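Below you'll find a set of structures to go through.
Shared chain: chain A. Partners: chain B in the first complex, chain C in the second.
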Partner chain A sequence: MNALTVPPTAVASATVQRRRRRLRARRAALVGWLSCTPAAIVILVLVWFGVASTIQHSFTNWNGFSADWVGMKNYVDIFASGDFFERFRTNLVFLASLPVLLVFCVSVAVVIYDHIPGWRFFRSVYYIPTVLSSAVVGMIVAVLFAPRGAINTFLGRVGLESLAQDWLGRTDTALGVLLMAFFWQSLGQGVLVFLAGLSTISPEIIEAASVDGAGWWRRLFTILLPLLAPTSAYFLLTNVVYVLVDLFSLVYVTTQGGPGGTTTPVDYTIYLKAFQEGNLGAASALSVVLLVIVFACSWFQLRLIDRIGE
Partner chain B sequence: MSGPLVFWSGYSTSDSNNKSKKPQDFWISQATARFTQKTGIQVKMETLPGDATMFTKIRTAAIAGKGPDLASVWSGSYMLSIKEALEPMAPYFSDDERSKLSGWAAVTDGFDPTQKDKILGVPNGSDGPMICLCNNTLMSKAGVDPTQWPVSYDEWMGDLDKIKATGVMPLSLGDASFIYYLYNTWLAQAVGGSVGIGQLATGARNFSDPEVLDATNKWLAVRPYAFNGAPTTKDGQAVQQLYTGKASMVVGGATSIGEFRKQLGDAAVVAKLPDISSSVPHGMTVGGTGVGFIVSKTSKNKQAAVDYIKFLLSADEQQAFANSLDPGPLAGRTDMSDVYKEPLLNQLQKWGSEDTVAFWPDNTLQADLVNELANQAQLAWGGQISATEFLSRLDKKRDTLK
Partner chain C sequence: MRKKNGPARWGISGLLAVLAVAALAPLLYMITTSFRTLQEFASDPLALPATLNPENYIGLSSRFDVVQLIGNTAAYAGVALVICMTIAIPASYALAKLRFRGATLLFVGIVATMGVPMISILVPDYLLFVQLGFEDSPVGVIGMWVARALPSTIFLIASVLRALPDELIEAATLDGAGYFRRMRSIVIPLGLPGIVTASIFNITGWWNDLLVPLVFLQSDDKQTLNAGVATIGQRMVTSDVPQTVTGLLVSSTVPIILYVILQGNIRKGLVMGSVK
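Here is the complex of A and B:
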């Protein structure tokens, strides 16, 4: 035995400790797996089983009761008929409006952040529509803009009867009304997100800019918006997904996709194909196409967020 | 019998014009109570949506195997779109029982009731014809006599001019009446009736044919005589313009007659729409058996469901329904006539039994084509596309469905 020799009792003790550590690690892993398993099973059954089933049925002419294999026909039909591009146009209009919504939300958030007189009142007023469902917002808007609704009645009473029209009966005005409803509903959520973002910016930076003579708009565009880039990226990511897959309830209640299907987004088309026309196979194919588009957009945006983070 | 019969009902059990009327005041609730009393079978009634979304509910339920025992739904191609979920009805009805009910073609796959194995529902009376419900007081002031209708299209438009000159809007149209009642009447006239509509569905004739184009242009010429925004106005709202004296007529059918009489009294008059051209069958209307009962293939109470249907359609119950003036189809029993105390309903029943009633075009055409028709009609009515474009889009859609 020499100085370098480890006593047998010490070796045994180290071995026991290693075993204990391994045991603890295994136990932790087991607890982790057991904790995740219920959620994983639920997601597997409710989400991925549905996704897999949809992909499978997209290659059939499934009507809900029977299904025959038709290969790529449903996918070919989607792009050959031109219907998809017409429907996707509605989603694109909403997508194109997102930068405007973003600036709008940031502006209101900054105004509230600056604690203008009555800012608490305005914060509540802007947030109220957020707690309403899209269906309720759509119903309110549909009633307001009906041919004999409040808007046309008001225009008539103030001598502007010539401006009264069938707001939901024309493509341009119907899209305008839908966008207005979307903005109205999204503003409160957006303002909250940006208020949270603003709270992370040092007030000294804004004060220094003010001292240097930067006006309100200059501070907004050259200081706040760049510093709010991560918040903006998050806001855009969630809203891009929303306008691609979640316009159904708003459109269904407000315009029912009309006039002539010109305000019908892709998700509403899926509903029509599946449940009014009974073409569940074609609807499945359209769902898969939408899924790919949403995945691609989300992936691109997440990469962008990573870049901003770096 | 496993549990109560589940009936998804299309019958209304509320009245927007009379909020004090309770569900149990309606005939369907009372008839159901009588059935339970007679047979001991409980019936659980649930209301179906009154529009095409009824099939969303039924289709999803049927796919999940959770459909009702029976339901009352729109007939024709609407009903047949879920034919895989429907119990064939021929084994439950004797020839004698079948002969006492009219409208079997509307609930038969292929519209030929001699093919007994393809009968998938039970016809529930008739919607009668779609006609003009007129305020005769307002029309008299304009020197117009709707009791002399049907007239030619040009004479009718002349009458609309006279009414408009008195400061009253001649027509109030809603999202269903501007297309499914008014346009479809003239479409059916232009193609010569149900056979022609069937030819449009198969492609044996085209929507772009000159006679259909002419009818479509004449339909669009009616726009200045109706309130703005028909496609985005509910029919229930449109008819209020008639009741408040702001419009002289609406286009509708038997289901509105009870309230129509109540609101307008002796001024309530019904009249047929005009002939769209001199070459079409005189006085042709659209309508017929628009509703049928269905029994789910997965029901465990099929015989009880059929017994309930037979009870509702029995002569005694149909007479009680007629007496109630509740909204719904006209009695469709072949062994009953003049069943209504209301002369307007008897008039509609008489018109409804004429050969000039073309079966609902939207119950005949494919569901995708009906959606396209409704979509494009909205654009045409709004002036966003021409009649020619409207019809060519229908042809294109029909051709993609072949």
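Here is the complex of A and C:
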């Protein structure tokens, strides 16, 4: 606009307006920062201070009282001792089971969505093991699979004595029992997550497809499953993080990491190193490695989710 | 997608029924075992109880006080939830609705915190709380719970608030509503779906947490339920299975009842959490 044509009063009010806007922006900044300060302080002090301290101590032989600089020794121990994969074996076994869990949960969710007879009942019942705490689940499983527990007694009763064994006393069966407990506890959550995903699909799309003559299987593979891709990505992301950093409680109660430490997940190893051996430096280094792995996995999967969302 | 109920669908129903039995069997086993004596159990771990013997339930108060453990957990989680929401709601509001320099950076910093595993910060934080004089104290547990829950809580509530039209809050500001008035009459009621969902997620997470109470609390009578089950229960299970199982069963009634009451909310919450 040509400045000459603007009446002087309008110029004045424009500056007033600009000043008022700047004042409001400054107020918003003040209110904004004040609103976030408590949260920022708690997160800085309890999370990022912890991370920084852990990283710093990972280069020392810290035992809680004294910490001497040992350079990369703790990291060399982790990567060069040859048991790197053994430390992560339990986590990797759980990781490998996730696709099975995914297919399992999606299948159950799809038939419940399809209002199979009794679907309301199934939806409620499957969730019950999910609300039990992990320690309770682990304890029940340990009682059931004890050498003289219910499972072995049952096998003996039906003439399968040969199968009865010390389930938690052997690595392969112990891992199997842990996986079963994990599936038992995760099914309900998974089914509900996928039902939530299915509930956002508009019935019109499905109707249009059936008008076009697409059969049940056709609709399943061309409509429902592709539309569930973002939900699957979310489900995998949360569960990948879970099996990397949260297996401690289930394993602590069920097998205590045994037999011979062979079912110990990495977060449990860190716990043992820190609170039983008092080797806080080594525990810190392993924590840092775990932190990096979790961040890398999350970043990769979030990018994947973005890609799917496009 | 819906079809008439033919034999194929009844067949699938049958499979789901088998799965339902598998889901419920351990619970039913706990119920039957809780009414049996140690001698009965030792002679046959599978049989049904001979009589409805309440002995194990009576023994709980002296041997495995799950009621106190539940009380502890509820108290810690209640305090943690109040603190968490008091801190998270204003932050979510500011990050979702106020434009100011550094807002994006703050938001990214908070969201990135979600990826930090508890085990990676446990040792330094434990020593910090011990230095502050909170050894064997619920303060440490509550602090850690709040710190771990804040990022996801802010993320969830902020995403709900962001979807609200700006005009609502602007109109209230023009009407002369101050900061706390806007919080009370607009932000909290309209952000309620996010607040409820985050609360359910947080309480579930705290209820299931074993690592933090195990490390931060040493006395049996201060323990949370999950850690109490893991420590007291584990000591007892080798000598008295029926008594232990009774403890597990009683301790599980609280979340089951809560689930039955809150079913609808949990389902809605999952829609919000998993489908953006």
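Simple rule for what comes next: the second predicted complex is superposed on the first by the 284 of 310 C-alpha atoms of A that agree within 3 Å, B and C clash if a C-alpha of one lies under 4 Å from a C-alpha of the other, contacts with A are read in each partner's own complex, and residues count from 1 in each chain.
To be clear about the criterion, a contact is a pair of C-beta atoms (placed from the backbone, for glycine too) under 8 Å apart; a residue touches a chain by one contact, two chains touch by 3 or more.
Please read all numbers here as calculations on a predicted model, not as lab measurements.
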item	value
Which of chain B and chain C A:Gly64 touches, first, second, both or neither	both
Which superposed partner A:Leu132 touches (first chain B, second chain C, both, neither)	second
First, second, both or neither for A:Phe275, with chain B first and chain C second	both
Partner chain in contact with A:Asn91 - chain B first, chain C second, else both or neither	neither
First, second, both or neither for A:Gly261, with chain B first and chain C second	first
First, second, both or neither for A:Arg148, with chain B first and chain C second	both
Partner chain in contact with A:Asn74 - chain B first, chain C second, else both or neither	neither
First (chain B), second (chain C), both or neither touched by A:Val47	second
Partner contacting more residues of chain A (chain B vs chain C)	C
Which superposed partner A:Gly169 touches (first chain B, second chain C, both, neither)	first
Common ground on chain A, meaning residues reached by chain C in one complex and by chain B in the other	64, 148, 275
Touching residues (chain side chain C, partner chain A) in the complex	1-3, 5, 9-10, 12-13, 16-17, 19-20, 22-24, 26-27, 29-30, 44-46, 86-88, 90-91, 93-95, 98-103, 106, 109-110, 113, 115-125, 127-128, 143-144, 146-148, 150-151, 154, 179, 204, 207-211, 214-215, 225-227, 229-230, 233-234, 237, 241, 244-245, 248, 251-252, 255-256, 258-259, 263, 266-267, 270-271, 274-276
Contact footprint of chain A on chain B as seen in their complex	52-53, 55-56, 59-60, 62-63, 81-82, 84-85, 227-229, 231-233, 237, 367-368, 371, 375-376, 378-379, 381-382, 384-385, 400
Residue ranges of chain A touching chain B (in the complex, touch as defined)	63-66, 81, 146-148, 165-166, 168-171, 255, 257-262, 272, 275-279
Footprint of chain C on chain A - complex, ascending	25, 28-29, 31-33, 35-36, 38-40, 42-43, 46-51, 53-54, 57, 64, 108, 111-118, 121-122, 124-129, 131-136, 138-144, 148-150, 153-154, 157, 184, 187-188, 192-193, 195-197, 199-200, 206, 210, 216, 219, 224, 230-231, 234-235, 241, 244-245, 248-249, 252-253, 267, 270-271, 274-275, 280, 283-284, 287-288, 290-291, 294-295, 298
